[in-house]
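These notes are about the structure you will find just below.
Letters A, B and C mark the chains in the order given here, with residues in each chain numbered from 1 onward.
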Amino acid sequence: MSTTTLPAAPAAPAVPPKVETPFRRFVSEFAESKIALGGLIVFTLIALIAIFAPWISPQNPYDLAQLDIMDGRMEPGTVGGDGFTFWLGTDDQGRDMLSGIMYGLRISLTVGAGSALIACLVGASLGLLAAYAGGKTDSAIMRLVDLQLSFPAILAALMILAFLGKSVTNVVIALVIVEWAYYARTVRGTALVERRREYIEAAQCLALPTRRILFRHLLPNCLPPLIVVGTMQVARAIALEATLSFLGLGVPITEPSLGLLIANGYEYMLSGKYWISFYPGIALLITIVSINLVGDQLRDVLNPRLKK
Amino acid sequence: MTAASISASPISAAPTLEVRNLQTHFFTRAGVVKAVDGVSFTVPRGKVLGLVGESGSGKTVTGFSIIGLVDPPGRIVGGEILYQGKNLASLSEEEMRHLRGNRIAMIFQDPMMTLNPVLRIDTQMIETVRAHTKVSHEEARQRARDTLGMVGIPSPDERLKSYPHQFSGGMRQRVAIAIALLHRPELIVADEPTTALDVTIQGQILAEVQKLAATTGTSLIWITHDLSVVAGLADEIAVMYAGRVVEHGLVEQVLDRPLHPYTAGLIGSVPSRNKRGEPLRQIPGMTPSLLSLPAGCAFRSRCPRAGEECGIEPPIREILPGRDARCHRPILEAAEVASA
Amino acid sequence: MSVYLLRRLIQALGVVLVMSLIVFIGVFAIGDPVEILISPDADQIERERAIVALGLDKPLWLQYLSFLGNALRGDLGRSFVFNEPALQLILNRMPATLELAFGAMFLALLVGLPLGLYAGLKPNSPVSKGIMAGSILGFSLPTFWVGLMLIMVFAVQLGWLPSTGRGETREILGMRWSFLTRDGLAHMAMPALNLALFKISLVIRLTRAGVRETMLMDYVKFARAKGLSPARVTFVHVFKNILIPVVTVVGLELGSTIAFSVVTESVFAWPGMGKLIIDSINVLDRPVIVAYLMIIVLMFITINLVVDLTYSVLDPRVRLEGK
């Protein structure tokens, strides 16, 4: 997947100027879908906002000194007591919704991406182990995968949080537990195919240690499907975290994610103060849709190559 | 279908179907595939026309054009398909539907795929009967049972209640044939109906179809790439190459004395015609891509007789009485056949 | 057939055992069983008495066996909050959840099948592209937020539909149902649509993919060659074939629909099992949690079993192989 695997030949004037590396081809195939490209751009923007929220947000919504309860529940566009314009309105604490959303994105993305990453590590390792060890280990791991997948994620996560209590860490743990199985299944499937290929046999003949075979030879080949599953799972994790937080079982009130922001606006919804829930929801929606668009295209681009 | 009309000279009697310069093209992303590009033949009443040609020569597309089932990106772009004085190519879909499966039926190549796996045989037969005649369910079932019996399916009453997967391939093809026969059509287009079956079953079905066609007065277009089937079954033959009919005439005449070099090549490659010990003769080269046919005669690159004038596309013309061929330099000497 | 059924039943039993073990470990090993099973308001002496009474001083495997034994007798503990048998409590709420879930699945098929069929038959029309874009949105939209938006539009702004509760109910078979009254139906409309959203997208995609695949089959072309009307080809020959996979998946989704009703019930204050479990988790009414979990597991297994059997009835090929 990187340009280093196929060093670009020195460009002679006679040959076409662009050398087809797998990476280049991947990029140009991905860019074929304008919608996916748009998704990628939007997602990059969102990620940047999340990363730089403390520097670019108009207000620090968790610095109580900056909040004025008199500014509570103001409509979008109102100018507050100190001449500050609340473009997306304020919540009941007088917090600027725009700033709240920027900080919320930060937490949602951290939890979503973090849990997806850990789940990927755990799942991929177990999947590789299953594929490589085979026999009892394999069937034990796959039984667990089947069991996990047959149980709806939301319920499993609810139960885990019910037993563990709520905190950001516990949310991540719950998300990892409900998501690792997808990675394990994907990696095992690919690894089983790759395992039969010659180079693994060659590596085994060279008596390389198992660990080395696993991580240097098998894993790189499992990467494309992992990337696809991973992208989709990040979106899922973000949505699931938001749902858990909405139900009051996710992140604590001190670290509000988008889901919690939406939940906070719930009670004001009925009195027509829609913006407290509406805008965080839009932010959540845009995030999830953009990730899904990228994931859809990744799947289309990476899949045919897997079949070859 | 009186005996008189069957025995009348096939060429002079009013034909059941006449195809004139049919053109069916597929407008694909890669370009226009001229799958059928100048097909003409007649199907005499009560007779069998063998439509032969290599794989990809456009036989199936011709068949689908006749029953009006060319799906996008394909379209009939030219020519006429004359049936009872009407041009089928210009009928509305609704008018065509009333002919389909009723006056003109089709049998497909792969019997394993032609019957719907989730519907019982009776459902699939009765719906065909009732699509074209207002009869009661019971009458339709009666007709279905009789027809199953006709094509040699034992205990049809029981078999009607079965699902397709409970039948063997040969039995399924018999069911498909029975479905084609339900309305005593005037024309059946049979697209290699026996190719997927083993030889004994193939022989049985051929014999039965021949008998049925004779007794019901049905005309047949029998698509195949097996010349021996054509020799035994057909009255007339049309040879297709790269979307065109290159030769058309009475079976005995064409097989005995082919005019077109391609026909000669086909005959030469039939195993039984080769002497024992001799290597099997084949036509050298490959079918040209329909996307980019070279100018001139499409067979030129493979033709042993090709000459200067073959750079211009030859028209189909009557070379001997009742014998059409699409060739500038037809084989006219009997001795030439062997050397072709 | 009966051998097949028996084998499936034994398998199902195995899964129940495994799940009960997991729940048991969840409650007794990870969490503190004293905290979980004894009301936090109890004083020290009560606690000790309860520990002995509950057998928490016995070895774990013995505890598991007695947990199993009690569960078999339908005793899954008493709710601290309602002071009622947990099982009873959940069963009382079940009709509300079931009618919501079935309503949602009915809506999913009602909306998803025609849209998917259209998108499959005319894949290139702008309408089909719109349908498919909508289905991506349906997959991406967070259920709870859509619920809020529904309330905002239809209850707050337009005032057409009530926002919370079950409305008027009517009793049948000793259970109360909303779908039998007009008022109840009005209350059900938004929650059911909300819960159905994801499934609608799923049904659209499955149906479209199925239609496109089936349309290419020889038997569809043969059906057309028989001169059948387009309606008959579409609705009998194509539709019957895709119905099998779609019904299977939707059937399998009943479990997840019931699971996701947790969210919808919370948004619309629909008094079903889902709302109960969220409330119970929030007040740590753990016997209810355990009971809910066991019931859900049983439900899942039953659903899987029923779907398998339905499948074998619908698809003659499967049916005969099972014999």
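Please note the rule applied: a contact is a pair of C-beta atoms (placed from the backbone, for glycine too) under 8 Å apart; a residue touches a chain by one contact, two chains touch by 3 or more.
Because the structure is a prediction, the values reported are computed rather than measured.
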Practice problem: Between the chains shown, work out who touches whom and classify the graph as line, ring, star, complete or other. | Solution: line
Quiz item: Taking every chain's C-alpha mean, which one sits closest to the mean of all protein C-alpha atoms?
Solution: C
Quiz item: Among the chains, which has its CA centre at the largest distance from chain A's?
Solution: B
Quiz item: Could you state the distance in Å from the CA-based centre of chain A to that of chain B?
Solution: 58
Quiz item: Centre to centre, by mean C-alpha position, how many angstrom separate chain A and chain C?
Solution: 26
Quiz item: In chain A, what residues contact two or more other chains?
Solution: none
Self-check item: Residues of chain B touching chain C in the complex
Solution: 67, 69, 97-102, 105-106, 108, 110, 113-119, 124, 127-128, 131-132, 163, 165-166, 176, 179
Practice problem: Going by the contact rule at the top, pick out the chain C residues touching chain B in the complex. | Solution: 217-229, 232, 236-237, 240-241, 244, 314-317, 320
Practice problem: Name, in rising order, each residue of chain C that touches chain A in their complex. | Solution: 15, 18-19, 26-27, 30-31, 136-137, 139-145, 148-149, 151-152, 155-157, 163, 255-256, 259-260, 262-263, 266-267, 277-278, 281-282, 284, 286, 289, 293, 296, 300, 304
Practice problem: State the interface residues of chain A toward chain C in the complex, per the touch definition above. | Solution: 147, 150-152, 154-155, 158-159, 161-164, 235, 239, 242-243, 246-249, 259, 262, 265-266, 269-270, 272, 274, 277-278, 281, 284-285, 288-289, 292-293, 296
